[in-house]
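Just so it is clear, A, B, C and D label the chains in written order, and each chain counts residues from 1 on its own.
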Amino acid sequence: MSRNFTSDNITPVSAEILAAINSANADSVPSYGGDPYTRRLADAASGVFETEVAIYPVTTGTAANALALSQFTQGFSAIYCYEAAHIVTDECGAPEFFTGGAKLIGLPAGDGRIGAAQITAAAAFAREMGVHHVKPAVISITQSTEWGTVYDLGHIEQIAAAGKAESLPLHMDGARFANALVHLKCTPAEMTWKRGVDVLSLGATKNGAMCAEAVVFFNPKMAADFERRRKRAGHLLSKLRFVSAQLLAYFDDDLWLRNAARANAAAEHLAEGLRTIPAARLLHPVDANEIFVSMPETLLVALEAEGFGFYRWPLCVPERDVAIRLVTSFETRLSDVDEFLAACRRLA
Amino acid sequence: MSRNFTSDNITPVSAEILAAINSANADSVPSYGGDPYTRRLADAASGVFETEVAIYPVTTGTAANALALSQFTQGFSAIYCYEAAHIVTDECGAPEFFTGGAKLIGLPAGDGRIGAAQITAAAAFAREMGVHHVKPAVISITQSTEWGTVYDLGHIEQIAAAGKAESLPLHMDGARFANALVHLKCTPAEMTWKRGVDVLSLGATKNGAMCAEAVVFFNPKMAADFERRRKRAGHLLSKLRFVSAQLLAYFDDDLWLRNAARANAAAEHLAEGLRTIPAARLLHPVDANEIFVSMPETLLVALEAEGFGFYRWPLCVPERDVAIRLVTSFETRLSDVDEFLAACRRLA
Amino acid sequence: MSRNFTSDNITPVSAEILAAINSANADSVPSYGGDPYTRRLADAASGVFETEVAIYPVTTGTAANALALSQFTQGFSAIYCYEAAHIVTDECGAPEFFTGGAKLIGLPAGDGRIGAAQITAAAAFAREMGVHHVKPAVISITQSTEWGTVYDLGHIEQIAAAGKAESLPLHMDGARFANALVHLKCTPAEMTWKRGVDVLSLGATKNGAMCAEAVVFFNPKMAADFERRRKRAGHLLSKLRFVSAQLLAYFDDDLWLRNAARANAAAEHLAEGLRTIPAARLLHPVDANEIFVSMPETLLVALEAEGFGFYRWPLCVPERDVAIRLVTSFETRLSDVDEFLAACRRLA
Amino acid sequence: MSRNFTSDNITPVSAEILAAINSANADSVPSYGGDPYTRRLADAASGVFETEVAIYPVTTGTAANALALSQFTQGFSAIYCYEAAHIVTDECGAPEFFTGGAKLIGLPAGDGRIGAAQITAAAAFAREMGVHHVKPAVISITQSTEWGTVYDLGHIEQIAAAGKAESLPLHMDGARFANALVHLKCTPAEMTWKRGVDVLSLGATKNGAMCAEAVVFFNPKMAADFERRRKRAGHLLSKLRFVSAQLLAYFDDDLWLRNAARANAAAEHLAEGLRTIPAARLLHPVDANEIFVSMPETLLVALEAEGFGFYRWPLCVPERDVAIRLVTSFETRLSDVDEFLAACRRLA
């Protein structure tokens, strides 16, 4: 990373995960998930989540999200989510594609966290509209959110309860799931099925894996025919062992939590520093490993000239100020952060 | 109609149109649009619009809209429109279905009329997002709008120009096209291709037809393969002559304008009356044949008890007040309106 | 018709049906199927089929077929049918569109009638292939078939039983349902649910209606959310009463059977005549109102020169001979047939 | 491998490719294909194919095929291919999914190789059917074929020419592309664009890679918007460098050809041996690394009891005999083959 805060997917792979890939290469094993790594992963995931889960490894978060949502929807369905959720703005229509045209109904939300009352209101609106409107089918929340905030456990529970009252299952986009876990200091079970989450897109790629995400159903009965969904989307790898092995290493010895803790700590350090810099204004609470901050364009240009990397963030909510996003990762050292802060102070 | 203001699609068929259906029944004619009525319609429509058009009759407005939009989109496309447009909230996902999952990006708008600057901003956002975001493909506006207002000609021209600058064609949902024409006192050409509209969903059913809508391309070259789209959607009728005959009668002797003028006049009369009733608050300008008005619930109940019909309008923009929609049609007599107004005054 | 044997959808509308349309025009009635005609139709259809059915009127057979099949399929589904079924070759991909890409698996069949053993074998193949293959979901048969033959009741029962053994419901494409009924001299119930048919596309347009087809579920519980499918496909007409009224008249006083009997009688008369003409060779048994016959090209040209109409039939099974299709209808007079036969004899 | 001939996707990863993955892990690099590996791959592929190509790495062959086909089709399109092609029977409907419901029209073919005349006939049939039939859009052939045979160069040229005459581009499913190259002793250019192939699904996973396939367009202009197709299907990996690095190593120092040559040699050795065993009957010529052979069930059981692995092949063409498939790979030693042959002789 050093000076590059553009994203957490620019990083290499954690040494432990790369080692696991290498050692999975020993032998011939059955393809398409019939291998021992994939079987062990099912057990490991059930252990991690303290309940029997059905877990389906895939190679991208977009695939995980779109496949998970398609399990609960038909073409005439409504998916309720935050109006600037990753599934709305960053997946090039994958959810619509995989669901056969279900409608993502985006709800406004401060800091990226939608509220239970919005679900209730949206479902009531759908009921009034009847057959002319799409039918409420599923809720999706992102944890950590798109703005680097984290839903607390009570909040998740409220959304799940509002959904259950309307027979709507709850999907969690966990592209940065481990960062939220670390922030909340809770167990994976507490942040998911114990609060009413039905299906999870579990991300690992941004937190040290090479290409490993997974769809996790907390009630395996909800996964009927999911295998065929994955296959017909081209997301069933023949040599699936190499993805499963990544996830085994990811869970092993809490690698995922250790990696996320490093990323979160760097982000917190960065946020603390930025709060002391008058030219910088933090736009959201910093709960995980993403920081959204506005700065004068002149300062941004000067930082870039010194080799610092970050994204100017395109805002779909136009009235907000210009902003940049800074992302930390398991690779970010506190000294990298200090360098950035020092440059900010010097150049401001 | 009498006391029933719920919608303009509860009406019978205009006598002229029913007569046309009856006289189209004389003989055997080729099926699937090879009949003389459909051929004559192509000529008639080109005359009405003062340019050679390609016209495709269908039986519902939802089909017309979804088919028209599908002609300009792919699954990874963005369709820009008003956030509470009929295509967004009232067609049960038909546009997503017909387009293979294109995303309707809803823009906020007072009185249902989006602005050219919103198109420019949305396209710029898409450009910044790159491959992760859907690709801008087409704009859709509704004329008359969902709130009974009408875009003036300059407004249409500005939106079309903003679209053309981004290579986006312009679709007009003309479910109540004739009502807008009558309001603007302009020609069909002036309200469409002369202002940059590329494709029109022309509605007739709400204005006196039985089941007759049409997709009209102002540049027939843009209609390549459209026939197959209509066919595979099940919208190519074998005895298409009976739809074409409706549209011929609709244009003939300006029936469409005469019908719309009656509906608009009744709406204007109703709006004028409501303005004098303190308990009623008009929510939007009344340009066409729909009136949105808020009234006390007690008054609404009393009106219903006297047999008046209207819709309590479910509002997807939750902060607005409770409202009802009143719709007039070619069948509405001014005396019907007067009865309603008198009841309002008496019961308020 | 007179000399035109190209199709049964070139005909006008039966007088009784046109009269019903006219008398349905009296008043304002609720739209989108909330009208009394549509309610009466539900009762009438349940009477006709001797069981409570759920009936959904639409305006084309392609819509009826594609909607019906979509109710039982997902994108990863297999639909088993005859390899040259109308849904395979004549609907421009509508079934694939409505089902989100389900695969029509065409089975070879003499005279257009598939066999129960083929279903069993195809399901066994799918089972062996597992997740890599589409999942068996539904069977579709056409009655009368695409070649003018009719499945007898025992045959339907066998196919249904083979399907039930694999949990596959049975769809019947009844574009020419009444012609088969008349041929078999059985009741609608006997030809459908009593033999295991779950859903029927009931055609009326080719047999005297203007634009009236219907999807009929023999177990209304199987129709969950079907309303939304129809709506989002643009096939829910606002003034639905005019379609329902056609179907009411169609059933009334056995109009449908009387019309089909006339068409079948004309076809039988034609087939009998052709059997006596050496130059003509009947390609299939003539059970309903379609006749496939091969003749020398010189004779065909001569017949056309005298104004007779028919289709040279494109055969997707290339090894078969050149052929024409002759279709009779409720409008065909026996004298029309005699004229055609006389011309054949004279010109051969 | 040793005694396991079930498939070529059960193998580990070639040492050279695993090494390349490891060395790609050094640094932070831009994500989503902005990395230097992916850029170098574009150059390398253009060198390999002796023309400027556009190459898009993905992780499965199903994704490569379905994405490639979707580039040339619409929902109302026809794709012509062999009736038992992998895209028809083994991809769970992925082509239909990605194309929005295009129809795969399967053509019968001895040894899996369709003929140019079949394309011409199918296109003529479509023309006769007009708007009622799907529109011819693209041809797909598999090289090596599903039965382990290889199209010779003249054959490819004829199919391409028949396609070009109907404006149909030609797709090649090259899951076992290198095996065909080695068999024909020709260059990649000679087997593709020089013979009229427009787009290639290039497989590497079965021939030594971990999860690396690619869509290769020989005319980069044909790849417009393909990036978005890949993204919205969830097939744009964030850490794409690790797939690109595999393909770089695959091409480097002719690894792909060396691996394929080993697999082909083992297959040839196996075929030669089987020809001398009376109980075995080869079902197709053995051009590449797949062998289809019929044997008595008793012999198969005995072989399995000794630990040999192979697939009993489900045949979708039911009249053929029971068969097994034996697959060799870059890992298969000739001694493995000899062991198998000895067992056959001993147990027969």
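Here, contacts are C-beta pairs under 8 Å (C-beta built on N, C-alpha and C of every residue); 3 or more make two chains touch, one makes a residue touch a chain.
Everything numeric in this text was worked out from a predicted model, so none of it was measured.
Undergrad: Would you kindly say which chain has the C-alpha centre located farthest from the C-alpha centre of subunit D?
TA: Farthest chain from subunit D, going by C-alpha centroids: B.
Undergrad: Could you compare the number of C-beta pairs in contact for A-D with that for B-D and name the larger?
TA: More C-beta contacts join the chains of A-D.
Undergrad: Can you compute the centre-to-centre distance for subunit B and subunit D, using the mean CA position of each chain? Integer Å is fine.
TA: 50
Undergrad: Please tell me the distance, in whole Å, between the geometric centres of subunit C and subunit D computed from their C-alpha atoms.
TA: 41
Undergrad: Measure off the straight-line distance from the CA centroid of subunit A to the CA centroid of subunit D, and report it in whole Å.
TA: Once rounded, the distance between the two centres reads 34 Å.
Undergrad: Touching two or more other chains, which residues of subunit D qualify?
TA: Subunit D, residues with two or more chain partners: 32, 75-76, 91-93, 97, 100, 131-132, 134, 228, 231-232, 236.
Undergrad: For the complex, give me every residue of subunit D touching subunit C.
TA: Where subunit D meets subunit C, its residues are 75-77, 89-93, 96-97, 99-104, 121, 125, 128-129, 131-134, 314-316, 318.
Undergrad: Under the stated contact criterion, what part of subunit D meets subunit A in this complex?
TA: 1-2, 4, 6-7, 9-13, 18, 21-22, 25-32, 58-64, 66-67, 91-94, 97-98, 205-206, 210-211, 228, 231-239, 242-243, 331
Undergrad: List the residues on subunit C that touch subunit A in their complex, please.
TA: Touch residues, subunit C against subunit A: 32, 74-76, 100, 131-132, 134-135, 225, 227-229, 231-232, 236.
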